[in-house]
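Structures incoming, each one as structure tokens.
You will see chain A twice below: alongside chain B first, and alongside chain C after that.
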Partner chain A sequence: MDVATLTTLAGIVEYAVPVLFASIGENFTEKAGLINLSVNGTIILSAMSGFVVAMTVDSIFLGFLVGAVVGAIVAAIVAFSSITLKQSQVAIGFVLALLCRDLAYFLGAPYTNKPGLFLSKVPIPVLADIPFIGPVFFNHSLVVYASYLFIIIAYVFMFKTRSGLMLQGIGERPSAAFARGANVKALRYFYTILGGLLIGLAGPMYSLAVKIGWAGQLSGLDGIGWIALAITIFGGWNPLRVAFGAYLFGGLQQLGITLQSTTNIPIQILQAAPFPLMIFTLLLVNVGRAEWVDRELAAMPEKPRIVLSKILRALRTSPPASLGVPFENE
Partner chain B sequence: MKISFQHINKWFGKVHANNDINFTIPSGTIQGILGENGAGKSTLMKVLTGFYQADSGEIFLDDKAVTISSPEDAVMMGIGMLHQDPLDFPPMKVIDNFLLGTRGGLFPNRKQVEKDITRLSQEFDFQINPDSFVETLTVGERQQLEILRLLWLGVKVLILDEPTTGISANQKEKLFATLLKLASQGLTVIFVSHKLEEVEQLCSRVAVFRQGQLVGEVMPPYDTDQFVYMMFGKSVEVADKSTFRSEVPYIKLENISLEDYRLRLRDINLEINCGEVIGLAGMEGSGQRLFLRMLTGLMRPVGGSILYGGHNFTGRTYPVFQKAGVAYLPAARLEEGLIPGMTLTEHFILSEEHHELFVNQKSAIDLTEDRIREFYIKGTPASQIEQLSGGNQQRALLALLRNKLRLILMEHPTRGLDIESAIWIWSKMKERCKDCTSIVFTSSDLDEIIQYSDRILVFFGGLVSKPIDADTTTVDELGQLIGGKGW
Partner chain C sequence: MSLEPRAGQTPSILKKSTWIDFGIRLTAVILALVFTSLILVIAKAQPLEAYKSILQGAFGTTIKFTSVIASWVPLVIATSGLLFTFTAGLWNIGMEGQIVMGAVFTVGAFRIFDETGLDPSLVIFLAFLAGAAGGIFWALLPGLMKIYGGVNEIFGGLGLNFVAKTAAIWLIFGPWKRPGVASGSGTEWIDIPFRLPYIPGTNLSLTILIIAIIVAVFTAIMLKGTHFGLRLKAIGKNDKAAYILGIPTTRYFLLAFGLCGLFAGIAGAILVTSKQYSLIPDAGFGYGFLGLLVAMLVNYHPIWSAVIAFFFAALSIGNTELQYMGLNSYFAGVLQGFLVLFVVLVDGVRKRLVTKL
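Up next, the complex of A and B:
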């Protein structure tokens, strides 16, 4: 295989990482029954603050830490206003999404295009030398390796552990989870903040590893958070499928970069294309839920009807039943 | 375990749901709890299981005063409750349902638990596969699952809140056999119900509630009339079987075929006459719901045609059916029929036809007050729908039906209602039949089906019987068909 293809594939694996953390973070939050809509703003704000802190105190580790803390704080605001103050999760999340983004551009202005720190690539000995697999998967910075572990841990935690079962329970049917001894509100706080922390990590992953640096509005991060939200839905609230969605989006982004150098399609189109494409996939996955689709199917002859409805059912996902619904003990 | 209630009081705002309740349940008995809708039965059980805290009073377990501050506390003390709508997790697997909420290390021992489920199922003659998804089980199986889980957790007191409303006669027999077996092993069983014959058949003692108070305790031999008198403060008459079926067919189904991803119904032919009541019997999930949804236009048949009053309605949508005078009352009242968070008045505003942009508040409130009076709803125009008791929600749903309907489709119209309310609701519905309205309804209560239908369809695993005349059939005959025998 030629070098260009390998570089592209490696690029997909790398580009998917921040989206993957953000989407799986949101997956945790939504599994618990809350929606944190602030993702887009959170990523931009934590990208800026992570970059600035790392540069100022000369510590990459602190940069990541600050990114995570920013995400956790924003999520805590969402949790407090929706769980304790009982305000609309969607409204508060949306406002925070805009606020954090603009705050990032404002506070980050003095640091725009300054040189800073970044994570360097650490090829894994032996593994990196395997043909094909090595250069695509094992010649990256540490965050990429962390993402492999993270997908598996998130999946196993959610579906195989006792705590994970309870997490599903509080998002699915909080009254039943309460009857089984769950402190629903406390757990919802916990998973919203945990989710926020993971979303917050996505920021420095961009500014310190994947799309190194801070360029204000030109950083190209605006919009990615919304896609992360869509990927959570696309992934049916299952970390494995969510990860697949993140790679798909990474692939679309990479494709844009490749086409940029080989064709003369305007760059604006190539940069914007992954977004509508991702939303289109989302539609495709969930179209089976619409009543008109059922009606059209019923009008078809037997053979295609059965095949099509099987495909649609396999693609279809359903959200935690109590997503966005507040919970009261009495 | 012996349970003793001492001066239990519980208020919800101005409603005195439990008024100075005093009584004792001896160990190893099956205690019946009877009472009309809103009598306070569930409230007392929820106080016992830690869902609610009593405003005053004490609970003694084996003569020791205890404080039960959460459902978890209750299970730790050996008290488990099977809720009317089982508190489980439909999209999850049986085994995960079992494990959810258990104590122990991060990774549960699945192999062991799987064995436990299989062993317990065998002991009680249930067929529950640990790997199936809960949403594919019938309500009866979900109850069995909850009972197994509670026994597995080691409860010594088992509370069942109206456990028989959603299950078939066969499942009921199995449930009763299980309860008798458990009681003989020393478990205390509390059985909350509206159904007198069940309580008489099963319970070794009965407490009767009315309007928040314990009106008396009764030991066998039981006298049904006495129970009715205690529950309602008066006697209640079952209406005579009346029919308003005319010979004019209004709806014609020709070779209708229906399917969803797990069920296919083929070639249904039926004529529904003006004023006729048709009852649909069968285990839950045998196709009754598909059939009703087809009649409302919510589901399009994959073959055949529907004629409404001579017009071909095949493939038309719900709004078209609605315009033609079709109304649908789904089983999930709060999810599909009513809107939680909205008041009674707002519901009436939404359901009436309007031609002007702004709502006339005054006339809306007047209308609501009229309907509240006419339908004896316990509530005010400003009551939010979810604050009403189950029986009153059902009354509200019926009060919302517009006048001049041609076809009313109902799922479990009297599920969870006490006898008086059920009789009353049916008298209201039969009045409509006089004006040539037809009714198609489902119910898991075969007595109700025989009592109120003109003809009956039985559903079994994708098969639909020929219409059966309700006057000549029996509960036994229907029970056989529902169980798959005699097809």
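Up next, the complex of A and C:
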């Protein structure tokens, strides 16, 4: 396999990482029954603050830490407004998405295009020498290796541990979980803030590792958060499937970069290519639930009907039953 | 998944103007100002000086003041459209893309009728019709996807925003590119007879001001004084109950989207004929998103949308003055964002106190 292909594949693995953290972070939040719609703004704000802090105090670690804290604070506002004050989750999330983005562009202006720190590549000894697999998976910066572990940990935690079961409980049937002694509100706070922390990590992952630097509104981060939200739905609230969605998105972005150098399609068009695809995939995973589809299917001859309904059922995803519904103890 | 706002959940600053309510809302404004000032201090700027220069920038001269009104026009039209979808319990986040599509169709119409020798005012009228059609078309898409595809209108609309912008960029760089070299600065300008003239000595076209007033009054009457408005509100409160009571909810959802798209399209046509004179990549100028913020603040009260939209427009125009202090124009977004954030939070605290009493 030639070098160019390997570089492209390695790029997909790398580009998927921030989206992967953000989408799985949102996955945790939504499993608990809340929607944090602020993702797009959170990523941009934490990318800016992580970059600036890392540069000023000369510490990449603090850059990541600050990114995570920014994400956690934004998520805490969403949690307070939705859980304690019972305001619309969409309203607060949407406002924060816009506010955080503008805050980042406003406060980050003096640091635009300044040289800063970045994570260098650390090839893993032995593994990096395996043909094909080595250059694609094991010649990256630390965040990429962290993402491999993270996917597995998130999956195992959510589906194979007691705490994970509790997490599913408060998102599916909070009253039942409450009856069994779970502190639904506290847990929802916890998972919303945990999710925000992970979303916040995605920012410095861009500015310090994957898309190095801060270029204000030209950083190319606007829109990624909305995609991350869609990937959570596409992934059916399952970290493995969500990770798959993130890799698909990484692939599309890489494809854009490749096409840009070989054709003369304007870059803006390539950057927007994932969005029509996002709508299309959302249609695919949702359409199986629509009434008219059932009617059409019922009118079909048996063979295509069985095949079609099997495909639709495989694609279909359903959200946690109490997603977006406030919970009352009484 | 229930992302739809319910009447009880949505923020509303101006419901009953008792003094206590007024005080609570004032608290939200003060909190927003405190936090914004803090941000200014972080950016190493004098807050008072910044606010003063925003006022200067918005009201300092006739030109500036009329620019505020010219910016109020598309904002109040966008907000009016969004009040229909909000009342029906829908989050039409695709508003921005609908304005862009309105601009695309408007410019397209000018390109078609450019050389036909028709009377310019007739051509402008046709271009507005085309813009309206573009807006309606783009607004019905998330509506249809929601009803027949099960795709939440928030995600449908968001995706379509980007698709609309991509379509505009494709036209600018491709089929509609300027003679010679394509440029991100937009398509060729429309001919002078097709541009709406300004009132002498100002930055404002009388035509668009009249359109905005008609749209705002129409919205207030439709929502407050007709059966249509009442039914829409019933759907917004509980669409299943409304359906059982005999309201054709599907049709009303699409009507709300359609009306919203109609106004989005008109806003797009206004931006082309009185501001930009061409199609640019950012043809919506953010009015769709800003309109959502205003609509969230005023909730079901069309009258207040004119006032809040004026305040927001003044901020957006006045804020450009900050460049002389070395600050960029994202400041308006920061102040507007904090304002809505604190209104939502303080309103939540008020409701919590009321239920506890």
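The rule is short, and it goes like this: the second predicted complex is superposed on the first by the 330 of 330 C-alpha atoms of A that agree within 3 Å, B and C clash if a C-alpha of one lies under 4 Å from a C-alpha of the other, contacts with A are read in each partner's own complex, and residues count from 1 in each chain.
In this section, a contact is a pair of C-beta atoms (placed from the backbone, for glycine too) under 8 Å apart; a residue touches a chain by one contact, two chains touch by 3 or more.
Nothing here was measured: the structure is a model prediction, and the numbers come from that model.
Contacts of A:T161 after superposition on the shared chain: chain B is touched, whereas chain C is not. In the superposition on chain A, A:A186 contacts neither chain B nor chain C.
Legend: residue contacts after superposition of the two complexes on their common chain; A:V287 is shown touching chain C, with no touch to chain B.
When both complexes are overlaid on chain A, the residue A:F94 reaches chain C alone and has no touch with chain B.
In the superposed model, A:L229 makes contact with chain C only, not with chain B.
Residue contacts after overlaying the shared chain place A:I133 against neither chain B nor chain C.
Within the superposed three-chain model, A:L142 lies out of touch with both chain B and chain C [touch as defined at top].
By the touch criterion defined above, A:E172 reaches chain B but does not reach chain C.
When chain A is checked against chain B and against chain C, the one touching more of its residues turns out to be C. Of all the residues in chain A, the ones that touch chain C in their complex are 35, 37, 77, 80-81, 84-92, 94-96, 98-99, 101-103, 105-107, 109-110, 223, 226, 229-230, 233, 266, 268-269, 272-273, 275-276, 278-279, 282-283, 286-287, 289-290, 292, 319, 323-325. Those residues of chain A lying in contact with chain B across their complex are 160-163, 165-166, 168-169, 172-173, 175-182, 291, 294-295, 298-299, 302, 305, 309-310, 313, 318, 321, 329-330.
Chain B contributes residues 51-52, 70-72, 75, 81, 83, 87-92, 96, 99-102, 104-108, 261, 298-302, 315, 317 to its touches with chain A in the complex.
Interface residues of chain C, counted against chain A in their complex, comprise 1-3, 5-6, 9-11, 39, 42-43, 91, 93, 145, 148-152, 154-156, 158-160, 162-163, 165-166, 169-170, 173, 184, 281, 289, 292-293, 296, 327-328, 330-331, 333-334, 337-338, 340-341, 344-345, 347-349, 351-352.
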